[in-house]
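Which chain is which? They are A, B, C and D, in the order written, and residues in each are numbered from 1.
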Amino acid sequence: MSKGVVWKANLTALLLSASVISAEADGVKIGYIDPLSGPFGSTGDAGLKHFRYAANEINAAGGMGGMQVEVIGFDNKLNPKESLVQLQKAIDQGVRFVVQGNGSSAANALTDAIAKHNKRNPGEEVLFLNYAAVDPALTNKKCNYWHFRFDAHVDMKMAGLTDWLQNQKDIKTAYILAQDYSFGRAFTDAAKSMITEKRPDMKIVGAELHPIGRVKDFTPYVQKMMSAKADVVLTGNWGTDMTLLVKAANASGHQVPYLTFYGGGLGAPTAMGQSAVGLVKQITEFHENIEASDEQMARVDDFEEVNNLDYYYERVFTLMNMLDKAIDGVGSVDVPKIAATLEGMTYETPYGEVTMRADDHQLIQPLYISTFSEGVERDVENTGFGFETDIAIPAAATELPTTCKMRRPS
Amino acid sequence: MTDYSLDRVPDLAPSARYKFATRVLPLLLLALILLSIPLFEPSRTWLSLFNAIGINMVFALSYNMLLGQAGLLSFGHAVYFGLGGYAAMHGMNAIENASYDGGIWAAFPMFGLPLVGFAGGALAGALIGFPSCRRSDVPFAMISLGIAELVAAAGFMFISVFGGEEGITGDRMNGIELFGLSLGPLGDVYWFIAFWTFVGVALMYAFTRTPLGKMAQAVRDNPERVKFVGYNPNRVRYLVFIAAGGFAGLAGGMSAVNYEIFTPESLSVIPSGLVLLMAFIGGARYFAGPILGAVVLTYMQSNLSDYSEAWLLYLGLLFIGMILFAPGGLAGLLLSGTAALKHSLSVKGLLRVGAFASSALLAAAGIIVLVELAVRYSNGFGEAFEPFGLHLAPDQMMSWVVGLVLAGVGIGALKVLSKQGGMGS
Amino acid sequence: METVVFALLNGLIYGLLLFMLSSGLTLIFSMMGVLNFAHASFYMLGAYFAFTLGQHTGFWFALFLAPICVGAAGACVERWGLRKVHARGHVAELLFTFGLAYVIEELVKIIWGKFAVAYEIPPELNFSLFKLFGSQYPAYRIFMLVVSIAMLAGLWYLLKRTRIGLIIQASLTHPNMVAHLGHNVPRIFMLVFAAGCALAGLAGVIGGNYLVTEPSMAFSIGPIVFVVVVVGGMGSLEGAFIASLLIGFLQTFAISIDSSFAEIFSFAGLSADGDVGRITIASLAPMLPFILLVLMLMLRPRGLMGEREF
Amino acid sequence: MSALALQLKDLRKSFGPAKIIEGVSLDIARGERHAIIGPNGAGKSTLFNLISGLFPPSSGQISLGGKQINGLKPHQINRLGLSRSFQVSNIFANMSVRENVRCGVLWSLGYGHSFWRNIGNLKEVQHKTAEVLEKVGLTEKADVPAVLLTYADQRTLEIAITIAGGADVILLDEPTAGMSHSETARAIELIERATEGKTLLIVEHDMGVVFGLSDRISVLVYGEIIATGTPEEIRGNARVREAYLGDETDMAEVTA
């Protein structure tokens, strides 16, 4: 009789867990799906702190359309499949706005899944607000009506960096290093095409992809760059891959300019030290030494004091404020209407006017190329060093054509 | 010795009633459960939980075909789950493309993708199983670990097959519909998962009733003797390995349709570890053990992780507790519990089982309090741990004392009770 | 030319780190037949203990104290856990250590937090010792070299030249006979298990700041340690030494070679943009140890220098 | 099919320097009951292991029913009709007695690795299993897990599994080891009935069993057969008495 008993036991367990709970609650729920553990956990945690600070600010000012805003964190461990599992959990908890930024692989999975969810569950649509996944395909080949991006994509940022390269006649050879996934491949392709187009005289002496989050010691890669005699290094690395790369470059005394997207925050500056001064450059929509109103500076100081973390993601506040403006306009959590309002919206940020381009939902915003330097007014991660603007690129100049052919809901 | 003429030999097969009670009835009950769940109108959260439980049930049972039936400890069973899943994903995309430009795939229903998964898993089992089945026990475990790491690493290289970091995605709402299910909303997917879970469980149970299934158990008990009754143990292991790979691929196919995405991580050692925990905690000695393990672990993985960040610690402690004190797993504990109750239904028997259960609960409560306090203390947020109305802040000494006392009393009682007479095989 | 020199130097250092890590496991594996899945977790504990102790007592004192603490933890694990399971055979022991690895990783996450810990190279070692082909070579790496060679010599001397070493070596291959000779073998098991964990702890102390100290560090290096022990062969430290150097060189050399399959097999007309063509030797690096493991287990289960087939 | 069931020609086996079997030659006719006796360590079990294919012989030939089998794997030899039992009970611990015997029956009835048939419906398998159990008298204990059987019952189960496959050459390795006097008597009667019409090769220490059962006896000492013949010849043979039985007193007990 032994087998029979075991069967009956776990059938009852199944029955017990079939009790019904459903969680519908009012208020604006925002689902933050990013890595909150593992090698990129600290990067994800920093983004969450920015969103929660923005939500508190908006709630203090009366909330979005009169409703309180809540940001719920979901840990996807930077894995696309886990992102879909967490998306399902978020939707079940009543989340109607999903924000994500770390890892274009997760972003590609989310944008596809959200489009399918909206098609299959009319009336329960979900909006995907992407604050940092910069794979160009998201607003070109794979664009869709429910995805909005609040960060310049790879080609826009690469255009800025290669413009700077145009008038550096003493730089003859370049080495490209990126992580082996969609973003890294897009970064490498953009770098290759734009360098050959704008600097035909320059020679690309190396283009390497390394597995994301798994290389613990970048010294062999740095030594390869040195033996290839590269005059400049272009890298798309971010989070722990950026920190460790810079740590290895510092240890090996690699004295060449590093053009990066993410060299300026989340642990990288502390690993750079003195040898990186004047060499490491980044292209971002914000750094602490761009002058802005005193009120904005006070906000930055307050954020850093509350979270003991550098104010880095200005675009998160742009995202939240534009969402706030849209929901105030619509008056309720009606996602299709909110999406329509966001399309083509212009918004005045403390660092200039930005517009959400209607035909591919890509935010057009001013970008700044800045260099890691000494003796600056505000330092980064209290290292004594900070970033100083080289070139300010107005929003219109960053705009690139799009191949997006979006299917708009009827 | 009286003289026997050998044709009047008593039929030793178990009585029809016994056979029905232990073999057919449980399957009917399972079918009843699967049919009745939608009547409760479960929300999307519960539907996705049940889908995950269904997939893990088939996966854990396929793993137990190796561990419980054939005595092979594998650290790489997710390879066959993953390869089967990838086969199903490519099948899904082929169906989608066929709906535009025609081809044989247009005739294949999305509902049948787990069969593609089964084929993928079985083929992988046949290719990888051939060299590794020549060894057993620790060497087999090491080869399975090595192969799992190899295939997972290859997953990031062959982009066209495994899709690199992004993996392969697809849309299940294509091709011809079967039983009127568009497989769009989760409700339809539930029926799809329920159907294949029942088919998987029934087939795997039937497998244990076949000559090959019986010989697999013989190889588990005594591979030496099997050689002398006409069977080559490596050949038996190899065939069981292919079948187990096939059913793991079936679970992979179900997962492909449910999640519509497959990434190389699902091939690696992490999911292989989880399925091992499911089978062992559930009770590898019993056919239905892994089902219990799958229900418990899937619930812990998806729901418990919301209430406590340390759910993996609880899982590890439960696993080590099982190995040290109850190798028979949950099913083993359950059986010896009911057996103890049935045999000595006396008050003493009830008291003993009651005492065991309560001291185990006490110890568990103590450990949970200590762990939750530690988690809150280390993550720096101040909010206290409020179970059932108690207010235990991590910075007050009192809360830690409460935890220590509970755990101490519980474990002490368990030690005393177990010294009096073995409980749990 | 300089890439070869760099690869040799880095390969040697990585190989020796691997050896320090796997020597403990080889001792434990050959004596008790236990493939300790949690061995890399003790390596992690070594790094975390060094981080915490280092803050109070400085790096140098932590260099000795941390491995001792890890050894003590190992002794407790053997005494109250492994010894209970020993009677039930190798598979039960393997499963026990498998569960232990989960528990240790989660405990580390609770005590030290989920993210990487700032366990830095001590300032007095953080300078570049010499210039090699234009690139500075950090002193800390040479320090790692020195410590691992000192550990190797110490281990060799202990095993080959002292009485305790004799007993341990004998119990490596014939534990029962040693018991009959009156030695308390269970206590020797505990001592060897503790010593093995201490060695892993020491590797953690000097490897933790060179690589990154984070909760998932055990999981990434754990399987490679298995490869070293199995490929090296049961019960042979020399085998483990050769295997760890082999893997150290293989991996660092592979990273430095950039040619892709398309270039190598260009005669076979392999297109450069196809999947197989695009694979570079560098991207193969993480797979090499496991290819070695599977081949060795199939062709020569004894491993390079092992006496017994496990 | 030659008249000889089993033939050994100059069989040798050595493990490194130790020579265990030195030049054993033996012819066993079909249907003959042949016993091998000899002091401990004479190499009896090793001889069985060579014949059943557990170890390959260092040199020499073994042929079963005229067909050469040295170097074949145990399961191949078993399929050719040779089945052996073990000195230490080598049974399927967690399976029931009936399942144990059924494992012995399955290959011989041609059900090999079939995974599509329900074992419950295979009538001849059920019947043959019940038949064997009836023969060895374990029918009442059919559903008892083998590990819970008494020592004697486990030895009986060992024999049952060996004869279940219907092999025509049976090798029994000390079947009555450790049995009481009454159990041994029952075992002899059981072996006789179980191996009717079959060739039997038995290794045994109990002289009562040997002289009661066997048609011919071979005496193995230090890996060499020093004498082969009918029980009477062996009893009278001087070399056997001197090499194996030592002094007179043992001899008296043998002749009783």
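In this section, contacts are C-beta pairs under 8 Å (C-beta built on N, C-alpha and C of every residue); 3 or more make two chains touch, one makes a residue touch a chain.
Everything numeric here is computed off the predicted structure, so don't read it as measured data.
Enquirer: Would you mind checking which chain's C-alpha centre is most distant from the centre of chain B?
Expert: The chain farthest from chain B, judged by C-alpha centres, is D.
Enquirer: Chain A to chain C: how many Å between their CA centres?
Expert: Here the centre of chain C sits 36 Å away from the centre of chain A.
Enquirer: Centre to centre, by mean C-alpha position, how many angstrom separate chain A and chain D?
Expert: 76
Enquirer: Express in whole angstrom the distance between the two chain centres, defined as the mean CA positions of chain B and chain C.
Expert: 32
Enquirer: At which residue positions does chain C touch at least two other chains?
Expert: 109, 114, 283, 286 - these are the residues of chain C that touch more than one other chain.
Enquirer: Got the chain A residues that touch at least 2 other chains?
Expert: 180, 211
Enquirer: If every chain is a node and every touching pair an edge, decide which shape results: line, ring, star, complete or other.
Expert: It is other, because the touches fit no line, ring, star or complete pattern.
Enquirer: Among the chains present, which pairs are found to touch?
Expert: Listed in label order, the chain pairs in contact are A-B, A-C, B-C, B-D.
Enquirer: In the complex of these two chains, what residues of chain C are touching chain B?
Expert: Those residues of chain C that touch chain B are 33, 35, 81, 84-85, 88, 90-92, 94-96, 98-100, 102-103, 105-107, 109-114, 223, 226-227, 230, 275-276, 278-279, 283, 286-287, 290-291, 293-294, 297-298, 301, 310.
Enquirer: In the complex formed with chain A, which residues of chain B make contact?
Expert: Result: residues 21-23, 25-26, 29-30, 33, 36-37, 40-46, 48-50, 53, 156, 164-167, 169, 171, 173, 184-185, 259-263, 265-266, 283, 286-289, 291-292, 295-296, 299, 302, 306, 331, 334-335, 338-339 of chain B touch chain A.
Enquirer: In the complex of these two chains, what residues of chain B are touching chain C?
Expert: Listed in rising order, the residues of chain B that touch chain C are 73, 131-132, 134-135, 137-139, 141-143, 145-147, 149-150, 153-154, 156-161, 269, 273, 276-277, 280, 309-310, 312-313, 315-317, 319-320, 323-324, 327, 371, 374-375, 378-379.
Enquirer: Which residues of chain D touch chain B in the complex?
Expert: Its residues touching chain B are 52, 54, 73-75, 78-79, 83-84, 86, 90-95, 98-99, 102-104, 106-108, 111-120, 122, 126-127, 129-131, 133-135, 137, 139, 142-143, 161-162, 164-165, 189.
Enquirer: Tell me, which parts of chain A touch chain B in their complex?
Expert: 1-11, 13-15, 17-23, 79-81, 84-85, 88-89, 91-93, 103, 105, 108-109, 112-113, 116, 120-121, 180-182, 211-212
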